[in-house]
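Accompanying notes for the structure given below.
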Amino acid sequence: MFSWTTFWESFIPLLWAARFTVLVSGLGIVLGLGIGALICAGALSPWKPMRIFAALWVSFLRGVPLLVQLLLVYFLLPVIGINVPALVAAVGTVAICASAYISEIWRGAINALPRGQTEAAKAIGMAPLSQWTRIILPQAITMSLPALINELILLVKASSLVSVVGILEITRASQAQAATTFRPLEVYLAAACIYLAINLCLAGVGRWLEHRMAV
Amino acid sequence: MMNDLLAHYGPFLLRGFGMTVLCWLLGTVGGMALGLAIALIQRYSIAPVRWVLRIYIEAIRGTPFLAQLFLLYYGGPMFGLRLDPIPAGLLGLSVYSSPYFAEIFRSAFGAVPIGQIEAARAIGMSEPSIVRRILLPLGLVSALPAMVNFSIVLTKETVILSIITVPELMYQVQRMSAETFRYVEANLALALFFWGLVELISRLGRRFETRITKHLIERT
Amino acid sequence: DQLADIKAAGKIVTATDMHYSPFDMIIDGTYQGITKDIFDEVSKELGVEPLYQDIPWTAELPGLEVKKFDIIIAPVTITPERLERYAFSLPIADATVGLIRSANDTETKAPEDIKGKAVGVQQGTAQAAQLQMFGDKIGGITMKEYGTTDEAYADLATGRLQAVAGSLPNLAYLVKARSETFALLEPTTFGEPKYFAWAMRKDADSASFVEAINTALLKMTDDGRMKAIQEKWLGVNPVLPREVPQD
Amino acid sequence: MVRASSVEIRKVNKFYGPFHALKDIDMSIAPGKVTCLIGPSGSGKSTLLRCVNFLEEYNSGEVLIDGELIGYETAGGKKMSSRRLREMRRTIGMVFQQFNLWPHMTALQNVAEGLIRVRGMAKSEAEARAADALEKVGLGDRMSNHPSRLSGGQQQRVAIARAIAMEPRLMLFDEPTSALDPELVGEVLSVMKALAAEGMTMVVVTHEMGFAAHVADKVAFMEQGELVAMDEPANILHHPEDPRIQSFLRTYHERNSF
Amino acid sequence: MVRASSVEIRKVNKFYGPFHALKDIDMSIAPGKVTCLIGPSGSGKSTLLRCVNFLEEYNSGEVLIDGELIGYETAGGKKMSSRRLREMRRTIGMVFQQFNLWPHMTALQNVAEGLIRVRGMAKSEAEARAADALEKVGLGDRMSNHPSRLSGGQQQRVAIARAIAMEPRLMLFDEPTSALDPELVGEVLSVMKALAAEGMTMVVVTHEMGFAAHVADKVAFMEQGELVAMDEPANILHHPEDPRIQSFLRTYHERNSF
């Protein structure tokens, strides 16, 4: 019934495709964290236009499926004369989409921070940038690490959607593999194993950080 | 042309949307309940149990929903587990989302100042009461945006249920675009329905959030 | 003019969903299959280099319209509705509907035996329509529609289905690959003959390009190259119409 | 009138990692008595108080409430069931140095919560009781404020009201008057004295020698995790023998005279 | 020697919703002077202090630091730029009633942080400075503890060290000694006195009359959002005219004598 040969043989093409999963989601995570922090700062800023911008950002990017966003970037931008290479489109879209979710997670954690924490920083005349990097984010990140890792793991998995712009990552490769072997169960199981390996690394980093940052 | 399309596929799309909302709702509620149970057991139980739950969390969280659902629905019968599409879909969604919710709850509990829990312990409050009256309401402040986030992600994961022939929105949309090649209209409908649902969820989330944070503006 | 542009660039940009055996497959990391073999030859005729891209089906038609690619070489069954919107090449393969059953199922032998049974099919396809008509004719079946044929095959293996309908080439390839699990019903086809072809843009700019592709295909049929390819992958050489069928 | 609890502390040691925070503490407190813990910052007063209701696990020794060991089933043995611990804690009240009010509840709800959940009172009855307790500490007009909308002293009084509303038989106060102005301290003290008279044992960490002198039956002086002396207030505050206590008090007098 | 700042408060009003927390406060503090704010709980002392560095927005009136309006560009006008506000705050130190230490940093880092980020010092220099400040408040041996591993009094001293290390020209203390034992209060006071001598203006909310008597140049008594009187300590503490102050002090004396 279950074909172990297919299962094991699937690893070669899938691991090869995993390069792109790691590349797209890795770059997407790094950029997404940065943009997410900016959007979060915007959402909490005292300046109303900034808050509205952040709210629209989050609402649009969470409202429209990543797949549609990718299609828009890759297929609609050319219509108005902007042609982006597939890999750039993939990384950019994934990062921007992730930033919306990440900023919301941080906003929640920051809401739970006692107000006195920033007041103490303000009272000594600390600049907003320092307040963010030294007081707010370190505490918010520690507090929200599990939720953040959740999001990053989702991101790794969501990166499978970039196959629509022609990037052969794990999920796409496994579909192709399933179609030639006609053994989707075995192939998807192998794909799941590779995803699991990548995500275990992320979870491990998360655990380690949690441990380190605990006081 | 457009009218014909609407007349013919409109009811299917609506029914599909209804199924999507239903699956999302039940899946989310199931996942939250399971996740809360996991987070609480982790908090209050002995190390071996915690390890087992840890493995469960990482295994489910680390693998794609597509693969899990495939395994459950098409692989299940190999092990004597034969489910109909909708029960399989709901079970799949709940199990898939549970580790995410568990982690969100865990981080929420961690954000509650220990002093507030000690104050409750000191008067002899039972742990269930502490969870209900102190841990959850206070933890929710930091967890709510993350929970709304993930619920929104889940709306989109429901489209995967189409692979096990649950007649949800994606299933109907695929059918419409395959039959008519009107993929623009079909996908527009898909996007609009989802945006509507997501807007609704985030609005409700925001409203609930302002309610629970209103009184927390702390003074020194 | 599209054809002139292609010739000037020296390459032709294609899109296909590389998981539909035996037409489009990735084996050991390289793209292979009927489509590729035919298109390699067509490109030679046009004197340009083919550029093959693996694009999921959802993105193929939108991409074609915004000119991300010149042609979709994924096998598309020709139907009247589709003809309204896209230009099709001459048929490249037989797409007539066939049925498979589980290998150890001794009850379902001929297509007529599926009466009252659960039969799977890929949703929205020409084959689904054929199955529906056939089912009505023989007195009703329980038709279950799947997103892709893969899932229908998987469900046949679990026993939830008693048969799966699909295009004959695909079914034949499947049965060859997993003969211990699946078997074809005899006679192998029923319903009206259907064909696979390639889709292109339907505008004046593309007309000469469509023409050029068709000329190349006809030439290949005539000089036996088409036959060789069909026999290599399918073991048979179906007779393909020499003009685009309109129904 | 309720029965007050006795507290018996025997050779209690507490370590934070390598740091020896409590060193062989021996102390015995008779029912209905008021004991004040005084001593320099960091000497272990809060830690000792927290060991009494087992919020802090002591590493060796015994703490007995009414003759019953708290926290462990037998001295040095395994921990007691959480149900039993909870039952024991129901008779022990505590006011924290940092108040630890629940920020999502109003002052009234903060006080009523324990009555409802722990004492099983009906909501209306609990709220009436809570309102009473808040009146007593002078917060009748701020009952519906959330803690974030209260001044430091008001928060501290809510914390006190929360503890006394539970009518414990043993009350642990960790600097209950640090944020209070002199007038209020007077009021709060009279509330506490009344409680003592009704039969409540009290252990109070305080820096207010005046309070110790007026209310305490015994004063215990701690330093660097050790119990230096424990005696009648007069003996500790007026004729201390230990030079450490003498110097501690000298600065106090200097500061408070004017 | 740095130049101390002057503070000028003119007709300041503050509302929390309908609640009138500060009523037409007028107060002027000369450079280098120490002013103590005393008064019952909830009278608006913390609120006033927070208006001085504009952590709390006052609704009307003016607060001038060294003659310069803080918070607004013109009285009743629009808010000043946050850059300018920040610059003004750099010369103002504050010690909070609830300490507000940063829990993710050690004691040393808590103190050094401002020196590095705001004063732009090199890390090593800032840490040396921070260590000095912590030594001064008697915490030389606890520098690498995180706040959660410090006793209440120790936390308060870190907060004080954090403020004094910045060498502000105006220092705002909100009950800086509430969690300190008598001996430490003495030490901290001597640190503060030295600062005052070096040229620092101080505004101190306190419940310690002894401190007010010994250190203050002026004592201000507040009640229900009003400034009842502001005068030399002797006039307020020994011969108060206002009956409210008299009753306030009476209870204080009763309590602290022993």
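To keep things simple, chains are lettered A, B, C, D and E as they appear, and every chain counts its residues starting from 1.
The rule we apply is simple: contacts are C-beta pairs under 8 Å (C-beta built on N, C-alpha and C of every residue); 3 or more make two chains touch, one makes a residue touch a chain.
Protein identities per chain, from UniProt: A, B = Amino acid ABC transporter permease; D, E = Amino acid ABC transporter ATP-binding protein.
Everything numeric here is computed off the predicted structure, so don't read it as measured data.
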Partner chains shared by chain A and chain D (touch criterion as defined above): B, E
Far-end chain from chain D, centres as C-alpha averages: C
Most distant chain from chain B by Cα centroid: E
Chain pair with the higher count of C-beta pairs in contact (B-D, A-E): B-D
Between chain D and chain B, distance of the C-alpha-averaged centres to the nearest whole Å: 45
Between chain A and chain C, centroid-to-centroid distance (C-alpha), Å: 36
Chain C and chain D: spacing of chain centres that average the CA atoms, whole Å: 82
Length of the line joining the C-alpha centres of chain D and chain E, rounded to whole Å: 29
Residue numbers of chain D (touch at least two other chains): 98, 148-149
Chain A: positions in contact with at least two other chains: 114-116, 119, 184-185
Multi-partner residues of chain C (at least 2 other chains): 58, 62, 151, 154
Chain B residues within the chain D interface of the complex: 113, 115-116, 118-127, 129, 133-134, 137-138, 212, 215-219
Contact set on chain A toward chain E in their complex: 114, 116-117, 119-120, 122-128, 130, 134-135, 138-139, 142, 213, 215
Interfacial residue positions of chain C with respect to chain B in the complex: 58, 61-62, 81-82, 85-86, 122-125, 144-148, 151, 154-155, 157-160
Residues of chain C that touch chain A when the two form their complex: 15, 18-21, 25-29, 53-56, 58-59, 62-63, 66-68, 150-151, 153-154, 174, 177-178
List of chain A residues in touch with chain B within their complex: 1-2, 58-59, 62-66, 68, 101, 104-105, 107-109, 111-112, 114-116, 119, 143-147, 149-151, 153-154, 157, 160, 171, 184-185, 188-189, 191-192, 195-196, 198-200, 203
